[in-house]
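The chains carry the letters A, B, C and D, assigned in the order they are written, with residues numbered from 1 in each.
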Amino acid sequence: MSKEIVRNAIAARVAKELRPGSLVNLGIGMPTLVAKHVDDSQGILFQSENGMIGVSADLPDKDHLDNDITNAGGQPVCAVPEVSFFDSALSFAIIRGGHVDASVLGALEVDQYGNLANWIIPGKAVPGMGGAMDLVMGARTVIVAMEHCDKRGNPKVLSKCTLPLTASYVVNLIVTEKAVIRVTQDGLILEEVAKGLSVEEVQACTDAPLAVTDNLKHF
Amino acid sequence: MQLKPTITVEDAASKVSSGMTVMIGGFMAVGSPLKIIDALVQSNTDDLHVVCNDSGFADQGCGKLISNRQVSKLTASHVGLNPETGVQMNAGTLAVNLVPQGTLIEQIRSAGAGLGGVLTQTGLGTVVEEGKQKVQCAGLEYLLEMPIAADVALIKASIVDLAGNCIFKKTTKNFNPVMATAATTVIVETDSIVEVGEIEADSFMLPGTFIDYIVV
Amino acid sequence: MSKEIVRNAIAARVAKELRPGSLVNLGIGMPTLVAKHVDDSQGILFQSENGMIGVSADLPDKDHLDNDITNAGGQPVCAVPEVSFFDSALSFAIIRGGHVDASVLGALEVDQYGNLANWIIPGKAVPGMGGAMDLVMGARTVIVAMEHCDKRGNPKVLSKCTLPLTASYVVNLIVTEKAVIRVTQDGLILEEVAKGLSVEEVQACTDAPLAVTDNLKHF
Amino acid sequence: MQLKPTITVEDAASKVSSGMTVMIGGFMAVGSPLKIIDALVQSNTDDLHVVCNDSGFADQGCGKLISNRQVSKLTASHVGLNPETGVQMNAGTLAVNLVPQGTLIEQIRSAGAGLGGVLTQTGLGTVVEEGKQKVQCAGLEYLLEMPIAADVALIKASIVDLAGNCIFKKTTKNFNPVMATAATTVIVETDSIVEVGEIEADSFMLPGTFIDYIVV
């Protein structure tokens, strides 16, 4: 699969997890693609932590760009009709106060306890945590959307994270191009595998032990 | 589009059950959801814990709920203009928790913003200290004031659009926008309801995301 | 002196303490009168803790009443042109964050340490502290404006407060119809006495010991 | 009437002295006071402690101050899009204090609102814990995050009236209004200045009381 197909497959699968009428924060990078896969009729709203609810999946038309409507990367975006704008204090009250139903974000590593590492690789560049630590502590559901393995083919779903954590015990669901894995108090439950893959193939590229649900599905 | 359901005042009152904690917006009945309060007075709901800036007047604002003996506990900063509050407090039928106004709004905000509480010097050396944890920080002493959340918040907005975005005119803002962040169910009463897009986004003072129901 | 003259004399003297361009909170009752004695050219703004900066000294015209512009007692008031309105969270951020230059309020008792009691008389009605505890902790200068003695002629400026406190060590200045008294770390300093009164007469109706400034004035 | 002085960008830059703590509004340079930053880059001021959501880009927003080596300490939530920050950090010439974004805004708000700090669970179990006091409250553990104040706040508003009342359009709000509450001197740069009364009071998002100087 091409990179683009992989990323869209993951985004499309994450989109199915989002409940109608919910408020969702999409992290930078691949999670942003999720918006494209959500049906307008669902009444789902996307928050951007720089101070906006109602980011549209549409890309702004160059000729009608509003530089005062931007996302957390500082790029101009479009707004839905019911958009609202607010300052960072209210934005993080929304995030930390449990008002965001789902936070979708990428990861460097996730482990069987739901620990998440996604903000720093010691010795390499230090981007900073931005709003990630707040989002994963505050959102009602935390969904990690990432490729199953890193560039070298090493597992990113680990028994125990090795990188500095973003937060402990916060991830609820892991969605990759190979599998959908739920994090429970008893460890990781493999709920779905991608079409054409076996449970064994998924486990082979996953460091953490996976229990398989009774009701395994393909996606 | 994400639109919020419009309900009747009676439906709104029915979302409040006996024993619940209910936040009621307004300041001396200014910016209070008067129609919902009236509907609640008509209901049989009682044993309420009301969180409000003040107890209004005996015949106005949330004071009506007190006069009608539907309130068993009141958390407020001021009760002086409703003599009925004092009468029931002295009779032991109404528990009154008096809180400095700035502390009260921060406690409500803390619940809405997911904070474990805030440190303040307001109340130090007074009866407000009683039963509270003190924290030393940077060589100073503070009271730790904990979050106050509610089951239902009843607020009043001047204008609401169908997505729940709210405008509170002038001094009707007071506790309304913050209470909307701190309750499981938030019902807004409004003087005027408009279509989405009719008023530009920046004019709204509270995002519709906090609103569950709209009462016209 | 009639009650009204006494109250206005106190208010007029307090008004002289307010600095040009400052932000001032006036408590209910007599302190409200201070606004009438402030010259417009001073650019002094009055805050009302229910969410307004720019309360006007003018009383609203019955025919042009705006019921959405009220003071902390819930009564309609007038606004100056540069008025601003805000919610209670910002109102008390202004008050507690040190943004109010002066808080003027009444008292049941003040003592030589600057302790203030003005919110409760045990066994009598309990109005509640409202915003008073926040105001006296947060305002840069706390001015008590009150009659020198209570209705029975007993001193209200005491060696030590007997009623439950509003706050400790907060009062900076006491203005009565008889005297202007500054609270310092070394106790109370009598700075001014009313025309026609002697220092001894002021001390005679004051429980706390008063040191007299070298530069005593009459007002 | 209480009006605020209008000053030039050079005057604004001159209010910032070497060694000061300076808050700069904006989010990835959106809603940042770009003209004042440019004037500051032209000055000899250095050894600044900059508090900002992010370090912008190397050639845009407060990143320019970093590129020009006028900053000795940076408190921010994100520095990834300005490689110069990382270079100076690794060289040991720039101390970077990374703070979760929600914690950063609450710390600034705490200073502005006179709080001794707030309790949060953000950062628990991470390096953010290091050197911080933990408080047990209601059976849960929290980090105590202390106030962050500044000598000067440089903010950007879309429209300001002569009394200092500010409007921040759409997503240009971000850290601007809260920073205005937390600094000894607050300077607002604006695209547009209007007479008092030209725009109705309820349209403004920050009371003029927080503003010391206006730069057009």
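Quick note on the criterion: a residue touches a chain if its C-beta (ideal position, glycine included) is under 8 Å from a C-beta of that chain, and two chains touch if they have at least 3 such contacts.
In this text, all values refer to a predicted model and were calculated from it rather than measured experimentally.
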{"item": "Set of chains adjacent to chain B and to chain D", "value": "A, C"}
{"item": "Shortest walk length in steps over touching chains, chain A through to chain C", "value": "2"}
{"item": "Chain at maximum distance from chain B, centres defined as averaged CA atoms", "value": "A"}
{"item": "Chain pair with more C-beta contacts, A-D versus A-B", "value": "A-D"}
{"item": "Rounded Å distance between chain C and chain D, as computed from the means of their C-alpha atoms", "value": "35"}
{"item": "Distance from the mean Cα position of chain C to that of chain B, given in whole angstrom", "value": "29"}
{"item": "Chain C residues counted as touching two or more neighbouring chains", "value": "85-86, 92, 95-96, 137-138"}
{"item": "Contacts with two or more other chains, residues of chain B listed in rising order", "value": "106, 109, 113-115, 120-121, 169-170, 201-202"}
{"item": "Every chain pair in contact, whichever chains are involved", "value": "A-B, A-D, B-C, B-D, C-D"}
{"item": "Contacting residues of chain B [partner chain D, same complex]", "value": "106, 110, 113-121, 133, 135, 137-138, 140, 142, 144, 146, 167, 169-170, 201-203"}
{"item": "Sites on chain C touched by chain B in the complex", "value": "48-52, 66-70, 72-74, 85-89, 91-92, 95-96, 115, 125-134, 137-138, 164-168"}
{"item": "Residue numbers on chain C that touch chain D, as the complex places them", "value": "21, 23, 40, 43-45, 47, 53, 79-86, 90, 92-99, 137-138"}
{"item": "Interfacial residue positions of chain D with respect to chain C in the complex", "value": "1-3, 109, 111-115, 161, 163, 165, 181-182, 196-197, 201-202, 204, 207-210"}
{"item": "Chain B residues touching chain C - in the complex, by the definition given at the top", "value": "27-30, 53-54, 76-81, 83, 86, 89, 96, 98, 100-103, 105-106, 109, 120-128, 158, 168-178, 205"}
